[in-house]
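Structures given as structure tokens follow.
In what comes next, subunit A is part of two complexes: it sits with subunit B in the first one and with subunit C in the second one.
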Partner chain A sequence: MSSPTQALFANRWLPVLLVTPLALLIVIFFYVPIFQAFYWSFFLERPFGGGSIFVGWANFARVLSDPQFWEAGKRTVIFMVIGSSLAVLVPLILAVAADRQLRLSQPARNVLVWPKGVAGASIGVIFAFIFNPFVGILSPLNQWFPGIWAPGIDGTDAFIMLIAAHVWSGIPFNFVILLAGLQSLPRTMHQAAAMDGAGAWRRIFDVQLPLIMPQVFLTLVLEFTESVTSAFALVDTMTKGGPGGSTNLLVYKIYVDGFNGYDLSGAATQTAILMVFVVLLTGAQFAFLGRRINYER
Partner chain B sequence: MKMFTLAATTAALMAGAGAAQATDFEFWYGNTGSVETAILAQCDAFNASQSQDKVTCVGQGSYEVSMQKAIAAYRSGNAPVLIQFFDAGTLDLMLSDAVVPVQEILPDVDWANYIDGARAYYETSDGRLFSQPYNASTLLFYTNKTQLAEAGITETPKTWEEIKAAAEKLKAAGHACPFVTDGDTWRVLEQFSARHGLPIASNHNGYDGLDAEYVLNTTFVVQHLTNLVEWRKEGLVRLGVDTKAGKYADAFNAGECAMMEGSSGSYAASAKAFEGKYEVSVDMAPMYEGYERHNTLVGGASIYVMKGHEDAEVAAAKGFLDFLRRPEQQMAFTAATGYVPVTKDVLGAIEASGEADAAKYATAAIGIESMNQPRTEDSRGVRLGFYVQFREVFMEETQKAWNGEPTMQAALDNAKKRGDELLRRFEQTYQGVKLP
Partner chain C sequence: MNAIDTSIDSAIRAAASAIVLENVSKSYDGTTQVIPPLDAELRAGEFTVVLGPSGCGKSTLMQMIAGLERVSGGTISFGARKVQDLEPKERGCAMVFQNYALYPHMSVFENIAYSLKVAGMPKPERVERVEAVAKMLGLSDLLARKPGQLSGGQRQRVAIGRAIVREPGVLLFDEPLSNLDAQLRHDMRMELAELHRRIGATTVFVTHDQVEAMTLADRILILNKGRIEQFDTPKAIYHKPASVFVAKFIGAPPMNIVPVTGDGKVLRLADGQVLVECPVFGDYQLGIRPEDILVGEGPIKAGLRYREDLGSHAILAADLGGNLLRIATPFGADIGTEANLSLTFPPLRLHLFDAETGRAIPGAFSAQ
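So, the complex of A and B:
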């Protein structure tokens, strides 16, 4: 396995040199801040510096006994499970359809990739407009049943809006990966299954889906870990964590606590906990899900 | 040839600048829109008024972002000399050890010239101003006179009881949004408590020590907020999010809603939006019957001098602060924004200008009058730690009550509980530090 990669580079230092710039960026903008966060989580840190007090595990004890933290954590998990599942399921349906040579599947393949170019914050602004209770697509609903759609005051509505925007923004990448997976399947398998009398639905569930499990797994892993942090831009532009904290996901709570509230220690502690959670989550996915998937064909 | 001329001119200009030994310094502010325009006009005016120093005014988009960047900049030694920050962060900055009290570096200024309402909010326990009040505002009551008259209301309501009656009339006349609010902490809690003489927290809102506790869940504020929620159900009050405009002030300015409590700083926008369509009235914020009127608090923001700068920079910054205090500068700023002048000589200057009744000074007299009402120990200001964060907590908890679950009392009990935790942590973070 390793020999072809080695053969690509004549000089053994060249790959190191090529990787260095990126590695440096990751160290400066990821590892250093993360280290700083872990360090601060053991201190009571004043915003402008000076007089930080070592408090041991006291910050963790406080955060872990704070119902607000657990509620934000619960919302994060709900968002992660529902948002990520839909963000894989919807593209999966679209990819299967696009793969089936349906009419318009060719243009759809292109169009569906476009949202990838839209930044999360822009998506938030657009969706806030689309779901506006007075001018958005659901506004007729409000004319028939006044007050039924009110994401500005009703927490559940706001959460639904957030998930819709998240799923939409997840379509392009997952669609590309899943469609590529579907297209790499040999046509002979379809033909063989068809010869044996399997209908279209049967072939999807018994042939295509099992064979693209590696791709589904990849998208799920990426979605689950990404949904924890990438929701920030959406929350910030659409709901600011409201109403009544109903969309205050952990990643946004950390931002508000640390940057608006100057609680650097609390924010650092929550960052550390979130970090450990994401690492454990990914580990668990590989341990339990990954093992069941057959990568060989 | 052209290139050469350009280069020569540039060199000459730079030599000239060098000869004058210009001191450049930065001033960070957070406002946007018409206020930002007015701030930049003052910066240009300062640079044009003399050739020695040059201020670079940097807009950061919001008070919060400005402070985030200032914290990071201060930690790495790059903070600006002057920074504008808003009322709620007063205690955080007082204890930060990152700013020099303005009265300390400018001892010769007649600080007593500032009206008491502005001083009380920003001064230390021994009466020294910590920061120079800049864009000062206070809470006022706005009505759309035209729409009120159409509903048969000729007298502007002065009490909440009258507002309710007026709202009922408006509703009966088919008005969909008689009164609009956003339930903002500053409007419905701080300003309401101050003018009704109610404390928000013990220790006179924290002025007497860091061991204060919130008491907002035990005062008349609970009843007031419960009323607002009730009136919303009756169709008399709307929240900003209930309106087509989406924001309460926009909804008022667009004529969608007929009455609002708003900052004096938003007057310019309302007057401009109403031009040729409606007539606007501004009065002191409403009281409940049976309560004696006290002062409203100074809101908006003030300017702090940050530590860690060379003497030349600080001297230049002092010049800029002196410039901003000049009556004609304050008057121009008031006229352009609706913010309230806060020095006594400016009020005199407005009187003397013969334009005291002009629309551009509409908020000045009424705003000052409101801030000059009889003071109590609890209406000096808010001096509570992590208060910016508490504002978020208050909004989060009360929004739940606005949506019907739980009751306002329960929501405020929760806010108190979470607020006290913030205060205790603040106390612990600043162990051994005394309130200045």
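So, the complex of A and C:
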């Protein structure tokens, strides 16, 4: 096990020292809480403190038999699939356009990166305003067809609003990754395809997309896992899970159950289940997709 | 091993068309011209090598012929068709790229078949064509592989196969051999010559390698800063270079060029040494190839500085009145050990160039 990278450090403790700060952060703020959530999911916690009792799988039995949990789970999956797909598809279209050197693509490249600097909660507030049925951009629709856009009453409208905000916040990172992938393709690849008679559209599907599959895959995996958790800020600022629980995603339900309902054990159990789900999902993505998309250039 | 199979009669044969460039120019910013207006006719079925140093505009010229770069002015015709405003796919030419530019996600079969697929050719015909090309190029056993699993020479063949499968009337090569090692480059040269003979497409081959140019070309077009220095057969280019640039660019080692002054009777060096009789006045550049200089008895004196024995012959580096003079002598020729060489410049082997323009002055020595 003498890899060439080991030789780069003269002092064998130096690499350990350099890794320690980040490792500490990850352990304290990720592994410890996760371990605790798993631990608590086997205990019944008193809501206002004062000790806990070991209850075995009882928490899981309770959560899994709760129809609200399954509802929230179903909404989470729908949000994940639609939201993540759009959050990759929209930046992909933008990246292809920017890579083509269309007019204004240079300023667009800068503008499209800006949302990266905006916190999730701020995005939620802004989009709640943009989609406001009285003053938002869709409010004229209500003048022509009264009641057609009502995210405060209509669950579907609220869900659409949530996904729009999520997609918008996902543009910068995915755009940068996908554009970098497109720009790494050699110019002669385009020229060769052009010589073979493929027009611009055909080249996108026959050459560009297959060759940036590693980047598409990366953004999809990150999006899938992130959409499960990062939707919290949006739900909290835009809909509070409403109307009628129609945007109550699992991650928001956990928060409400735990910190408003004081069902600490139930929240810990749902966290554990969500965690296992995300791990399985990522594993499945790598198993089924990851293997087929790497090419030797 | 898998050389081009010459036993089968070519199923792939193109209808070659001449390429005529008229006033073709290229400028990227509207002010500096990469290629000033240029005229050339590349005859149908001919193998033309475009030769020049890097940055001379040869790749730009090829890309304009291919349709990958727009012309800034002038016209390009393939046969009777004006093609300068057409898309690459409408021009009916194919190209082999320097880095091959194979599609890494497609198999060898798919790479070769891609242009046919885009053109909408039915699958059975496609398979037939690809298999014929693969057989010709010795790729039949590799059709299922991905480019990443091939050697450099095999990739080169796939790139060629992809180009010729459509039976293009014009075949373009952009420095296709520069990524290969010396032995493979030599083998591929022979195969390309053979291939051209059988396919018969009008071929344009861009390179900076004079050996490739001399061995492959029917005619060589030498470019310098976007201008045509000379466009002629390899033999004429070697024996009658049209300019100092061409004289120095072709030959290894290149032609010796020394500044001389004529007084109406003889040409002298700056230090007064007489080199040869010639009835001209004024400043000139005198050229002689290393292998044309006779060593031994002779009126011209030069100091030997260095000697390289290469087996078949030896290269001497000598000092001729402050100018470096390279001399090629048969191996083991007795030139003595003294530092002072006696040389003869045979008049019929001399080339005279204008001191200002560098253009050749024909007949300067044959007239005597």
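We adopt the following convention: the second predicted complex is superposed on the first by the 288 of 297 C-alpha atoms of A that agree within 3 Å, B and C clash if a C-alpha of one lies under 4 Å from a C-alpha of the other, contacts with A are read in each partner's own complex, and residues count from 1 in each chain.
Operating definition for what follows: contacts are C-beta pairs under 8 Å (C-beta built on N, C-alpha and C of every residue); 3 or more make two chains touch, one makes a residue touch a chain.
Keep in mind that this is a model prediction, so the values were computed, not measured.
K.L.:
Please determine, from the superposition on subunit A, whether subunit B and subunit C clash or fit.
P.N.:
Fit.
K.L.:
Is A:Tyr262 in contact with subunit B, with subunit C, with both, or with neither (first, second, both, neither)?
P.N.:
In the superposition, A:Tyr262 contacts subunit B only.
K.L.:
By the touch definition at the top of the document, which applies to A:Gly244: first (subunit B), second (subunit C), both, or neither?
P.N.:
A:Gly244: touches subunit B, not subunit C.
K.L.:
After the superposition on A, what does A:Arg46 contact: first (subunit B), second (subunit C), both or neither?
P.N.:
Only subunit B; A:Arg46 stays clear of subunit C.
K.L.:
I want to verify the contact counts: of subunit B and subunit C, which reaches more residues of subunit A?
P.N.:
Counting residues of subunit A touched by each partner, the higher count goes to B.
K.L.:
Which holds for A:Leu18: it touches subunit B only (first), subunit C only (second), both, or neither?
P.N.:
Neither partner.
K.L.:
Where does A:Thr188 make contact in the superposed view: on subunit B (first), on subunit C (second), on both, or on neither?
P.N.:
In the superposition, A:Thr188 contacts subunit C only.
K.L.:
Please indicate which partner A:Leu211 is in contact with in the superposed arrangement: first for subunit B, second for subunit C, both, or neither.
P.N.:
second
K.L.:
Counting only touches as set out at the top, which of subunit B and subunit C does A:Asp154 meet: first, second, both, neither?
P.N.:
A:Asp154 contacts subunit B only, not subunit C.
K.L.:
Which holds for A:Ala198: it touches subunit B only (first), subunit C only (second), both, or neither?
P.N.:
Only subunit C is touched by A:Ala198; subunit B is not.
K.L.:
Quick check on the superposed pair: does A:Val32 touch subunit B, subunit C, both, or neither? Answer first, second, both or neither.
P.N.:
In the superposed model, A:Val32 contacts neither subunit B nor subunit C.
K.L.:
For the superposed arrangement, tell me the lowest C-alpha distance between subunit B and subunit C in Å.
P.N.:
Subunit B and subunit C, overlaid via chain A, are at closest 51 Å apart by C-alpha.
K.L.:
Spell out the residues on subunit A that touch subunit C in their complex, using ranges where they run on.
P.N.:
Listed in rising order, the residues of subunit A that touch subunit C are 186, 188-189, 191-199, 202, 206-207, 210-211, 295-297.
K.L.:
If you look only at subunit B, which of its residues touch subunit A in the complex?
P.N.:
64, 67-68, 71, 74-75, 92, 95-98, 239-242, 244, 246, 386, 388-389, 392, 395-397, 399-400, 402-403, 418, 421-422, 425, 428-431, 433
K.L.:
Mind listing the subunit A positions that touch subunit B in their complex?
P.N.:
It is residues 44-51, 53, 62, 66, 68, 132, 134-135, 150, 152-155, 241-245, 248, 256-257, 259-263, 265-266 of subunit A that touch subunit B.
K.L.:
In the complex, go through subunit C and note every residue touching subunit A.
P.N.:
Contacts found on subunit C: 63, 66-68, 87-89, 93-95, 97-99, 101-105, 114-115, 118-119, 146-149, 162.
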